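I have a structure here, written as structure tokens, and I will follow up with some questions on it.
Every chain is named by a letter (A, B and C) in the order it is written, and numbering of its residues begins at 1.
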Amino acid sequence: MTLTIIEPKPVSFVALVVAAAGAFAGLLVGTAHDTPFMGVLLGAAVAAVLAVVWLTVFRNERTARWLTFVAFGAVGFFYVGLMGGVIGLAFGAFFGWFIFWLGEGRYRAKLPPYTTAYQVFLHFLFRVTCGAIFIFLITPILVVMPLSFNAENFFTFTPEMLRLDPEGYSLKHYRDFFSNSDWQQAMRNSLSIAPMATLLSVGFGTLAAIGLSSEHVPFRRAIMAILISPMIVPLIISAAGMYFFYSRLGLQGTYWGVVLAHAALGIPFVIITVTATLVGFDRSLTRAAANMGANPLTTFFRVQMPLILPGVISGGLFAFITSFDEVVVVLFVGSAGQKTLPWQMFIGLREQISPTILAVATILVAISIALLTTVELLRRRSERLRGMSPG
Amino acid sequence: MSDTTDTGPVLAADGTPLKRSLRRALRAQKLRALALIAPLLIFVLVTFIAPIADMLFRSVENQIVSNTLPNAVATLNDWDGTSDGLPGEDTFEALYYDMFLAAEAKRHTRVGSRLNYEESGISSMFRKSGRGVDDIGEDQIDALEDINDVWGDETFWFTMMSGPDGVAKANGILSAQRERLANLDQSSFAGEIGFAPSQQIADLLPRTVRAYTAFAVFTAIEDEDIVAEEEPWEAVKVALIEDLRSGIDLSGYDGPGAQELREAQQGLANQPAIDYKQGFIDITEDWANLDNWKTIKMYAPPFTTGYFLNAVDMQKTPEGFQPRPENEQIYGILFKRTLFMSLMITGSCILLAYPVAYLLANLPMRTSSLLMILVLLPFWTSLLVRTSAWKVMLQQQGVINDTLVWLGLVADEGRLVMINNQFGTIVAMTHILLPFMILPMYSVMSTIPPYYVRAARSLGATNWTSFWRVYFPQSVPGIGAGSILVFILAIGYYITPEIVGGTSGTFISNRIAYHISTSLNWGLAAALGSILLAAVLILYWAYDKIVGIDNVKLG
Amino acid sequence: MKFKTTLLATTALTVAAVSAQAQDMADSMTLVSWGGAYQNSQQKAYVEPYLADNPDVTATWDESSAEAVAKLRAMNEAGNVTWDLVDVVASDAMRLCDEGLAMELDHDEILAPAPDGTDASDDFGDLIVSDCFIPQIVYSTTFGYRTDMVPEGVEPPSSVCDVFDLETYPGKRALQKRPIDNMEWALYCDGVAKDEIYDVLGTDEGVTRALAKLEGIKDEVVWWTAGAETPQLLADGEVFMGSTYNGRLFSAIAEQDQPIGMMWDMQSFDLDGWIIPADLPEDRLARVLDFLYFATDTQRLADQAAYISYGPARESSAPLVGEHAELGIAMGPHMPTDPANATNTHLYDYEWWADNRDDLDAKFQSWLVN
């Protein structure tokens, strides 16, 4: 890779590409002012001129990029207002970077030196496509976050919000979440049901996974199929079945009913993650421990457990999230006393549409990010312990 | 293993043959493994598998008819359901006792609703009959009580039915009535009721004793009252009138109430017979409708294929299985649609997941871990929130349409309809299920060694050839694993189609939920669920064959 | 039947016994309702005042009224009823009563008389449609429309038949995803006289005719299942007109200032009220009866109307209906029962629908998916 020579590219090429990008940006701005055609022309012209000037006359990258950034922002703010300013800054940052990234030939830095222009193009086309898919993946979350600060009571972007007018934003839905006893109760219920369900599925699941990983298990496939089935059976069928059956046992509408149901749903995740960790587990370690006189219990807690712990924890997190995010089964198996957060949200969506749901969602996303980071850190630690990863 | 030699057993350190010692060790290992698995297996069997089996059983179970109308159903066996004549008077008489007890226990409307799924109008026929059944035989009861008003006296009845102290009891009748009520009410009718009919009176007045015992059991256990303090039901008196009119010989009887019985038999002689058939038809004309009787007869057996037939748009008729009328067919369409949409969703997931999984598998570890968070984040965000976010984006005044209109790509009047239809469901569900496609693909792709493609390149293959002939075939297992997983999950989806599906984007699951919570046709819901489950299990089996269940990976 | 009178006597005895010794009452109640503004009105009008009078009592809400019949049936099968008082629509109350899942009541015995001494049963009058049912409110399913989407030079829609008129009033409509009401409106607008609607609907041709009328607007219909959907759709401008409960429209118009107009023509009246699940343990029953006596008296029902625009079920409550609790506007004119609003109304036939619902539903759903 170090063989790749980074060299400035011809200005004509850069200007052309930048002009095309400028035309596109111009189209966006132009349509907003009902003159798309003018927008395209102006955008292309401004971008091309900028590229030529920065690359031939000015050539001080740092200053040039700052200048572009500030100038675009100022123009946007002057003509449209706050929102325009923000969009202008974004455009400025992009064009400043884009011109020099192309002009200096930095875009080839990570590609093998023999790649043809066509291959370079394909490479970046692929990257842009992937970027678009990633955007598709997280857009809903990006939409939810600003809407949760909506000052209105409907799921709509108001004109005030689009103008970035502080009037259009408020924390009232967050206040509602923290002051409304229904939401608080739901939160408490979720927090008392999910850990218990997680505990059950992790406890049983880890034991079973260890059992399943030994070499001589009769009916291994069949047992595995049964244990994974809660993930596979359509939720509505599980929910209906549990509803009737738990009713008969007197478990419907009780705390333990919901806990058992959620524990059953979480088990496949624990089984899958823990058996996956055990696949990489070096059996000679337990033999060595036994050889040195440790009894099976000591071996388990001192040798096996620390090594599979990351798998157990990430399985537990999946089980926790399953319970924490589960609506269908709790709707059937639970009753008022077990109203969990997702249930409360479901009611919210059906009975009184309120952006409080979005505020809750934003809080949950924040928690999710924290949990995901934990899992990622644990994974790295696990790999370090097993010596599988360089860092 | 080389434990078999022809020269005699190889011995282990402790002197036992190695073969046996190994076998024992193996057995111990197996047992230990099973002991570790057992708690979870039992847990899953009890909390998960048993409930599902229990629910699926409802799809064929049909005991409600024979439990509620045991006597009438028994007499219907002799009735030729295809002829034009209504069932005979004995059926109507049996129906009277069944209906009376069912109405007391308030079970008659349930059997009505059950049969109404098959034939409209039966529901109200049973409801009206429950209200009117105590009018049947009214005149004769009045006549009986005119003869002597002890017939309205609870103590007199109780004494007559119990017989003198120490007399032989007809315990068979008592337990038969307990069982009948237990079947009817689905609860246990055990426990002391403070009454048992005497054998003597049971031999003399069989109908009356049966009816009175039913009354006594019900009064003591269901109403929690004292039998001797409650006046018997009209049905008991009707039974007495029938017994007396059947020409029994009272001369040998000298137990309690002998005098009154003789007196009543004489007094009733000139009364007209109770016309049960007319009585029911007076309550509602529907009892004269042959179709209703055919339906009752057809659905009398304790197990039925009716729900399954309904679930495939068929119905049971006296002429055999036939398709339902065109304007009532719905499940075939829904199953086909569920299949089609799940395929579409799987397809779009493959298209979107492939490049992402490729990118993740070929980036340096640190970068790909970061990008992986972007994949997992939606996976861990509440399903409801993601679905409602799609609603906000896709609706006609939503984010995407607003943007398109703003860009001038779409006219304000021509905003795209992207929600409450199949498109909306496919987009939202593709998004929701995408991680389930990316993760298996990623885990397969990250094991593909990069040097094959490099070798192909250096041998002169083009970009496309090296990908299509070398890389792609190695990634196919990932596509297979992801596709089956996504398809299985998609086919049973419920919440998302419910919120964004409108009418054309709903799945069979939505119909199942509707039958469970709104129409209360639980048998049909179970039948639809069984079919859906069968489809999923076949796929599950295929998944196991192709990929192996142990090879499912989550990040 | 004799059985019923016995039961009523027992109930009366229980009530008497209970008022004598209040310490036998359970100190928690699970109330089942619909959620949203309606449940809020119940909470404000009588649950909070009751809890203030009885500080050691707690009340839990369960928003399961929509699935009440199914859940009560399952609970009853299991012999473990966890609900104490359930708010249901009249047709569900009749169904529950028929199936023995709700307790039969003597209204005069357990409910407060009107202030002038009139018996409760006379005060509620015809609205006691079932022996198990204690009516609270009269509501209606009716149409609202976006005032700013009315085409220029056209009168705002005023008749239910305008819903079927796509030429004069182009735009999307929101209708409930069930045959009830929609089929009747369709036939009415197809020229069937009001008192013949059910006769016509009882025939196959009638069903075809109603569906054909609906077919005319099918492509423009958004089907809703939850009461909150139509107000949201109207607020977003997603639909031009839509049917929903009149109280939902009121709160969108008056409380949230949305540009929505009411259309009362052919509003479909319905009742909503309490039932007590059958076979409650004595201490819980005692608590529920104590609460019910308070919560359904004349003043409390009138108070409820200050939070939501549904008509109180007691005749004696009507004169006491005042102003909205927060907005201070007179609630009388917003009631579905107000004479000005009730010039042309539709009363749906419970009995008829109980019989024909399964059948019509199959046809309706089949029509929907095709």
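By our rule, a residue touches a chain if its C-beta (ideal position, glycine included) is under 8 Å from a C-beta of that chain, and two chains touch if they have at least 3 such contacts.
Remember, it's a predicted structure, so these values are computed and weren't measured experimentally.
Chain B has the C-alpha centroid lying closest to the overall centroid of all protein C-alpha atoms shown.
The chain pair sharing the most C-beta contacts is A-B. As a whole-number value, the distance joining the C-alpha centres of subunit A and subunit B reads 38 Å. The mean-CA centres of subunit B and subunit C are about 29 angstrom from one another, to the nearest whole unit. If each chain is reduced to the centroid of its CA atoms, subunit A and subunit C end up 42 Å from each other. Multi-chain contact residues of subunit C (touching two or more other chains) are listed as 77, 79, 225, 236. Each of residues 155-156, 243-244, 248, 349 in subunit A touches at least two other chains.
Annotation for subunit B: residues touching 2 or more other chains are 397, 516.
Contact residues of subunit A toward subunit C in the complex are 153-156, 182, 243-244, 247-250, 252-253, 335-337, 339, 347, 349-353. Of all residues in subunit A, those touching subunit B in their complex are 27-28, 31-32, 36, 119, 122, 126-127, 129-130, 133-134, 136-141, 143-144, 147, 155-157, 200, 204-205, 207-208, 210-212, 214-218, 221, 223-230, 232-238, 240-246, 248, 260-261, 263-264, 267, 269, 272-273, 275-276, 314, 318, 321, 325, 327-328, 332, 341-342, 345-346, 349, 357-358, 360-361, 364-365, 368-369, 371-373, 375-376, 379-380, 389, 391. Subunit C contributes residues 30, 32, 34-37, 60-64, 71, 74-75, 77-80, 82-83, 225-229, 231-232, 235-236, 256 to its touches with subunit A in the complex. Contact residues on subunit B toward subunit A in their complex (touch as defined above): 26, 29-30, 32-37, 39-41, 43-45, 47-56, 58, 352, 355-356, 359, 365-366, 369, 371-378, 380-386, 388-393, 397, 399, 402, 406-408, 431, 434-435, 463, 488, 491-495, 499, 509, 512-513, 516, 522, 525-526, 529, 532-533, 536, 540, 544, 549-550, 552-555.
Per the touch definition, subunit C reaches subunit B in the complex via residues 1-3, 6-7, 66-67, 69-70, 73, 77, 79, 95, 98-100, 172, 177, 207-208, 222-223, 225, 236-238, 351, 354-359, 361-363, 365-370.
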